[in-house]
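Each chain gets a letter, A, B, C, D and E, in the order it is written, and its residues are counted from 1.
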Amino acid sequence: MNITYIILIPIIPFIVFLLLGIFNQKIKPAVSGYVGVFGLLASAMLSFYAAYQYFFVNGKVDGVYQTFTEKTVWMHFTDTLHIDMGILVDPISVMMLVVVSVVSLMVHIYSRGYMKGDEGYTKFFAFLGLFTFSMYGLVLATNLFQIYIFWELVGVSSYLLIGYYYTKTSAIAAAKKAFIVTRFADFGFLIGIMIIGFYTGTFDFETLNNPEGSAILNWAATSFMGLSVITWALLFIFIGGAGKSAMFPLHIWLPDAMEGPTPVSALIHAATMVVAGVFLVARLFPMFYFVEDGFALNIVAYVGAFSALFAAVIAITQTDIKRVLAFSTMSQLGYMMLGLGVSGYEGHEGVGYMASMFHLFTHAMFKALLFLGAGSVIHAVHSNYLKDMGSLRKYMPITNITFLIAALAIAGVPPLAGFWSKDEILVAAFEHNKLIYYVGVFVAGLTAFYMFRLYFGIFWGKDRTYDHKPKESPLSMTFPLLVLAVLSVVGGLIPFSEFVTADKVGFEAHLNYPLAAIATTVGIIGIGLAWIFYKKENNLSDRYAKAFGPLYKWASDKFYFDEIYMFITKKILFKRVSAPIAKFDRKVVDGTMNGIGNKTVLISQKIKGVQSGKVQDYAFVFVAGVVVIALVFIYLWSN
Amino acid sequence: MDILSLFIIVPVVTILFLVFAKSLKQARMVAMVGSLVQLGMAINLVFAYLKERTVNDSIMVFTKDVVWFEPFNIHYNIGVDGISVALLLLTAIVVLAGVFISWKMYDLPKEFFISLIVLSIGVYGFFISIDLFTMFVFFEIAVIPMYLLIGIWGSGPREYSAMKLTLMLMGASAILLVGILGIYFNSDVDGGALTFNILEIAQVNIPVEVQKLFFPLTFIGFAVIGALFPFHTWSPDGHASAPTAVSMLHAGVLMKLGGYGVFRVAMYLLPEGAVDWSWIFIILSVVGVIYGAFSAIKQTDLKYINAYSSVSHLGLVLFALLMLNKTAWNGAILQSLSHGFMTALFFALIGMIYERTHTRDITRLGGLLKVIPFISVIYVIAGLASLGLPGFSGFVAEMNIFVGAFQQEDMFMRVATVLSISVIVITAVYILRVVGIMLMGPVKNESYLKLEKVTWYEKFGILLLLIPIVGIGVAPLWLSDMILESLDPFIKGLL
Amino acid sequence: MERIIFYILALTMIVFAMAAVRSRKMLRSVIFLLFVLAGIAGIFFLIDYNFLAAVQLTVYAGGIIVLIIFSVLLVHHIELELEVAKPLKQVITGIACLLGIGVVLNTIYTHDFKVVENDLTTSTADIGSKLLSVEAGGFILPFEVISVVLLAAMIGAIIIAKGKKLEKGSSETEDRSQINTGSNEI
Amino acid sequence: MIEGITIYEILTVTTILFFIGVYGFLTRKNLISMLISVELILNASVVNFVVINKYLYPDMLQGVFFSIFIIAVAAAETALAVSIIINLYRQISSVEVKDTEVMKH
Amino acid sequence: MDFSSFLLMRHEIILLAVILLLVVAEVSISSNKKSSVVHLAIFLFGIHTIAGFFKPDYGSLFGGMFHTNALIHFFKNVLNIGVLILLLQSADWIEEKIIQQQRGTEFFMLLFSSLLGMYFMISAGDFLMFYLGLELSMLPVAALAAYETTKRISSESGIKLILSAALASGVTLFGVSMLYATSGSIYFADIVEAISSDNLTILGFVLFFAGLGFKISLVPFHLWTADVYEGAPISIASYLSVISKGAAVFILMILLFTVLKPLMFIWENMVYILAVITMFIGNLFALRQQNMKRFLAFSSIAQAGFILLGLIPGNALGTATVVYFVLIYVFSNLAAFGVVQAISLHTGKEQMKDYEGLYRTNPNLSLVMMLALFSLAGIPPVAGFFGKFFLFTAAASKGYYLLVFLAVVNVTISLYYYLLVVRAMFLRQSETAIPYFKSKIYMKLGLLITALGILVLGLYSPLYDFIHELSNSIF
């Protein structure tokens, strides 16, 4: 299969970025919107074509999906270690291409309406182009370093887009926080890469992931503190993934990231960038699975499960609709991690992997839809808060419907997309680890609950008195909603296990009816509870909130994680480390240097008396000098 | 006339012309033309070098060897390898950018440009010298104009800063002198003549004891100008007081002499000394890396931030050099280049901001993205480059350093490496802090709304610096291979 | 006999030398110096360098002492009591000098001089011919040079001694008050 | 040669004279007195040369000639010093050492 | 006296003739035309200087009392050039004196006598000639120091100089007498063979060394320096610090390296210690000085300390580096004193703070001063750097790295105070800056020559090669 044209997929958005970025001032907003949309449309078409070619034209060879790579050396480290730039085409990268293309295209279209009239309109599309380019690059990466490079680039695009409203203090802080927290995670990622590079001698995915390759077979060669160094490397790499995918405890940036424009939240912080962590683990899945009997993979599973639960609990208490969605995203990402964590490798064993990817796919659709819907709402009422909303179904029918579809999908109501993927994850969990399974089921219930709390809160409940009467968004915004709604409905019907599996062979997936029933029931219970609590304006929720007392308070304050981080950064790092160091530098280090100078001058002051002006004193020194020198050289030094 | 001596002669001719310049206009035209010619020569040199390299595999090419002081066996001996070629290009670019940035130097323009070009002579000469003595001469020539440049055209406590900078650097070069003499007088242990020629000395097996004695002297001598902790304090004050172009040249080029000298002299000639002493200097450089970054977090003066950031970045250079392998060394050279461009760019931008707002205190600035978008955007880009974002030169350099450092297996080196890698996070903190406070946010001062837009010469200067940053960042292969290849003979000295 | 004379001479010289540097009357101290010089002439006589003794008496006692007396008379009232240094300074200087004497004498006494027993006398003619000889061992060149020295000293003495008086009010030394405020900055 | 007197004794005397001169030079508060002390110092050397010549190397007259020249130079030196002192006296009406301390530190 | 001995004593005889011609001129030129004496003196001395450059002859005269060789001849030329520059720089001052006080010829006579003394001193073949040369070089200078008879500080400086010098020469003589006692001769040629290393010799040597140390202003024999420089006319301070010191260094070096070579184990250490002390004390005192003359005085003390580094190896290398350094030092210090002279002459100002903003009013003077100071500080590419570097090389050649280290520490300290002057001239701006003035042609010429010398002497390596060959030829 000729894959050269795939290079165009990232290149086109990059060109769009350069065009819009450099001629930022000269391009009319109307034009730039079209440039962005059509650029992405081209990329999306190529992506679809690539997917079509890969899965259907080329298909399996010997029952296995082939991996195609094309790469060129970008930089040499040593004779063996080098960074390549290239593209790697395999099932997950193709799938990711599709996901990114669809969501990004929809967001582009949506943004034309949403951002209308904004003074940074062109800039916005430029940034979107940059992000899309980086994301394509990330998913197509052939080696760890390339993925790291694009990893950083998506990070910075995220930073730029979160800080898009750069005059808003909260947006600046959020952007900074997002970047620094993920940067911290990347620090781990980088160390992981270093370890891998040093001990396996390569960064290349194909070589690394080869189950018969030396990297996997020789994992036990070197160990450190009881664990194989490769396991350490994978754990470090997972830190990187956890940072991007907002896993506990590196999740704190994600809620704040909602300061960005809503389309951005949909694209980056719901559908694509945040799944990079999941993608990374999936990318290295053979290593995670085989090295040290999946020790690192277990960690992934637990972290995922805990994050899913943790985020879901918080999501219940949030009142900012975007934040609810943000925690929901985190929760779902935890789900995907969990899925990967409980996966096996071959055949049906690998259902967790497949399910996780599947969930990634479906989640991208319905979560993007949720965000865009929320954006539509915000656009209409000019507020992010539930308290300012209610009964919007009367004003915004399309938004209402599409939002409902998405909520149902995420709640796991069959036959919508979420149901299928989530169900598979639970199956995998059930087969591997019961504890995680129970957590998963519980989270599914919570998800349904908070999602419908949100839905009812926005579209039902009491009619507020709005300053401006809310009205349905323009076609440019509703069209993507509709498209994504359709995808959310039908997405689950794709026979995913045929295409994307850990061993690339594929298997026939079957619905496990008892488990599916349990999950669905739990979901519906959640919806029901939300109905009871939030369908009509009542004080039931407040009462229960009171009943839970401190727990509710903690959850609504996100378990004080922000405060802890604030404490560590502001109080410890800034006050106790940075400030003293800065002071130390001025006072002690610089002081010493100045001190040397000043002391010299001081000595000079002190000894000036010797030059008394009295010729006899001079003579005295002269004679004393002679005598002393004579003494020294006659009695002390000679022979 | 050989191609390298022109790097000395052209600036001298430029100075001669400058002497007769009557006004700012004439002076800057002469300076610009001179620097343009230099840049042309530097670019030409790169191609000539690449071409020459295919047919010539001696360590240095384009060599020229003229006996200077015969009794001491001092030669005017010049030549280049890939490393020097790259650094020469850096110098030419930064000097030209500096001239553009100083377009409106109303006070004593002629003298300003003369000093600037004298400085550049020192730097060019240093990079092409093979002879230790010549190298030392150029080293000092490069340092001393700083005194005048900061003292006359500087701001703030300029006299104090200029004096401190000069004394510390000259003090360091004094220590260096002892080291050089020590090397010189031990260059005959194999029975040859005493020589200052680096390539010849490298062939001599200087006794280990001697190496141990003189390595720290040479290392510190050079490293002070490379802002080795705790001898870096001249740099924040110096930068803060210096006029824009001087900060650019100083941080961009002059501080590179440190790393280059350490590499060319201390490491190459005294490898066993290097191995023996490396631990302490590794500690110092890692402390410098972290410490510089943390100090930068707390500063409010833009130039101080950048100065401390330089301490941190150049700490990485020294750290990499001490890692004693090709990858790290490659990283060190690349970092020198990259930091050169980046920090020069930073200082240029800071200068422009200062010129417009008359303050460098970030707490008094805000929302500049709105009022001077071009400068601000470039500032953001420079910041991102500085924190090692892929696609910019900083990333390429840092990755080489880290990967190289990681080749060292023992625990001490590992810890040092991980600590130094952690700087990527701290760097992000202080860069984004500045971006957040200064460029974003509401405009803090009404008068800022009417700031002058960027002028053509400023744009020129900025682009000159930005292009290589992006260039190296996007396509590092040719450069890094050119350097790697030149590193071969040096690493052989260590094995 | 000679021995006793020498001791007497030595004692006189030392005593008068002490007196010359301790006396509080200017003129007296010059006279004491004269005695010392005469004593030295005596020693020259003792060791048979009569010419030298004569030179000593004429040039030193005759010329230099007169010169000094001259200047004393020019610048002093005879009765003027000289100031003396502070006792502490005297003591310290005394100790330093004693230390010096100790060092020198110790060195001299530990040195083994190869004394050549002789009874040669030197005639003035010898000295004269040596002084004007250009051969090895001759001293014509120093003789010429000393003339230049004396000429130069004479010219110098004359131009300085005939210098004008300092005009009142035109003192250029006043601006020294603010000189010694050394700077403390680096 | 002085009967019964060794060179050591004579050198002792000259040494003492020398240091008396030094002592005077260091302690006298008057320029002319200092000049007197200088004469003592020079004389000590003169005697040294002569005595060493006589006792140790009697066949060459180097020491004696040296002495003669020292005496001559001393005369010149004294003359010049006196003229400077007189000139100074004309300006400040004093020949005290403490009045020549304008320049210091 | 035949022609060949005339050639040998060419410098001395011509200079003597110049002095006599001046005496004739003094009596024959009428008093209202006295200022033409200046031109005459410079012209005559110029001829004398040029005459020195013709092919030298070597040998000794008067039974070894006078001897000359290529290096000595060269060094006399160096002194000549120094004095010539000095004359150019002080011509205006003398002219003014002539107009004021009706005397000036004496200045030249005394100056030339002193120079003559130096010739004899460095050509001396025995201690007597050395002593006479020393005195002849010192006495006229003392007279010249007190030359401005209307100035109190001038007289004070003169009396300080002559008293200190008298004490010093007394001490020297006492030392020489001891050397005479142990070696039995005053002839260098005999001493070098007879000298032993007993205590009396060492004592004699130390006393003798103190005398020369006094002339070179080595610590602790240096204290007269600053006061005398400050009080004396600038030309004389300049003369003392450059010519007088240079000659003394030269003869000290010749004596140490040849006659006293057997005592090397003593003087090597002594020179080491004195070098360190001298550098530090000189520099520490120079730090605070506000009067330019005092400032240069202490700077020249520190420079003397540096010169001692070249004495350490005691061989041709040391000789070459010392002579080379002295040559460069002559130009550098004369340039600095020349600028001080020019400014003092036109404004009477000698304080460092008077120099503030000088560059903006008198750029050329400031540039010369800066070059001179950089040269003194040893900053490339000006000559002083090369001089210092070679001195350090000489010291390092014997493995005295610690000494070199201490020396370079001192270079840094010295740089500080040299930069203080640069700071005043270039960095500061002042309302009361010395206004622009034009110097006369002689002064301009004098400064131009020094500036060119500073720029060229270092970079032009054949000069050093030449000195190196000369030094090799005498060992």
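Assume a residue touches a chain if its C-beta (ideal position, glycine included) is under 8 Å from a C-beta of that chain, and two chains touch if they have at least 3 such contacts.
Nothing here was measured: the structure is a model prediction, and the numbers come from that model.
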Quiz item: Based on the averaged CA atom positions, which chain is farthest from chain C?
Solution: A
Quiz item: Measuring centre to centre, with centres taken as mean CA positions, what chain is farthest from chain D?
Solution: A
Exercise. Averaging the CA atoms per chain, pick out the one whose centre lands closest to the mean of every protein CA shown.
Key: B
Quiz item: Roughly how far is chain A from chain B, going centre to centre by Cα mean, in whole Å?
Solution: 36
Quiz item: When the centre of a chain is set as the mean of its C-alpha atoms, what distance in Å lies between chain D and chain E?
Solution: 27
Quiz item: For chain C and chain D, what's the span in angstrom between their mean Cα positions?
Solution: 2
Self-check item: Whole-Å gap separating chain A and chain D, where each centre is the average of the chain's CA atoms
Solution: 96
Self-check item: Overlap residues in chain A, where contacts from two or more other chains coincide
Solution: 594, 597, 601, 604-605, 608, 611, 613, 615, 619-620, 623-624, 626, 630, 634
Exercise. Could you tell me which residues belong to chain C and also touch two or more other chains?
Key: 93, 96-97, 100, 103-104, 107-108, 113, 137, 139, 142, 146, 149, 152-153, 156-157, 160, 163, 165-166, 173, 180, 182-183, 186
Practice problem: Specify, in ascending order, the residues of chain E that touch 2 or more different other chains. | Solution: 128, 132, 135, 139, 142-143, 146, 149-150, 152-153, 155, 158-160, 163, 167, 171, 181, 199, 203, 226-227, 287-288, 416
Quiz item: Which part of chain A faces chain C closely enough to touch in the complex?
Solution: 594, 597-598, 601-602, 604-605, 608, 620, 623-624, 626-627, 630-631, 634
Self-check item: Interface residues, chain C side, partner chain E - complex
Solution: 103-104, 107-108, 110-111, 113, 134-142, 145-146, 148-149, 151-153, 155-157, 159-160, 163-167, 170-173, 175, 178-183, 186
Quiz prompt | Residue ranges of chain E in contact with chain C within the complex | solution = 16, 61-66, 101, 103, 106, 109-110, 113-114, 116-117, 120, 128-129, 132-133, 135-136, 139-140, 142-144, 146-147, 149-153, 155, 158, 181-182, 198-200, 203, 287-291, 351, 416, 420
Quiz item: Touching chain A in the complex: which residues of chain C?
Solution: 93, 96-97, 99-100, 103, 107, 180, 182-184, 186
Practice problem: Within their complex, state which residues of chain A touch chain B. | Solution: 73-78, 81, 83, 145, 148-150, 152-153, 156, 159, 163, 166-167, 169, 171-173, 175-176, 179-180, 183-184, 186-187, 190-191, 194-195, 197-198, 573-574, 577-579, 581-582, 585, 589-590, 592-594, 597
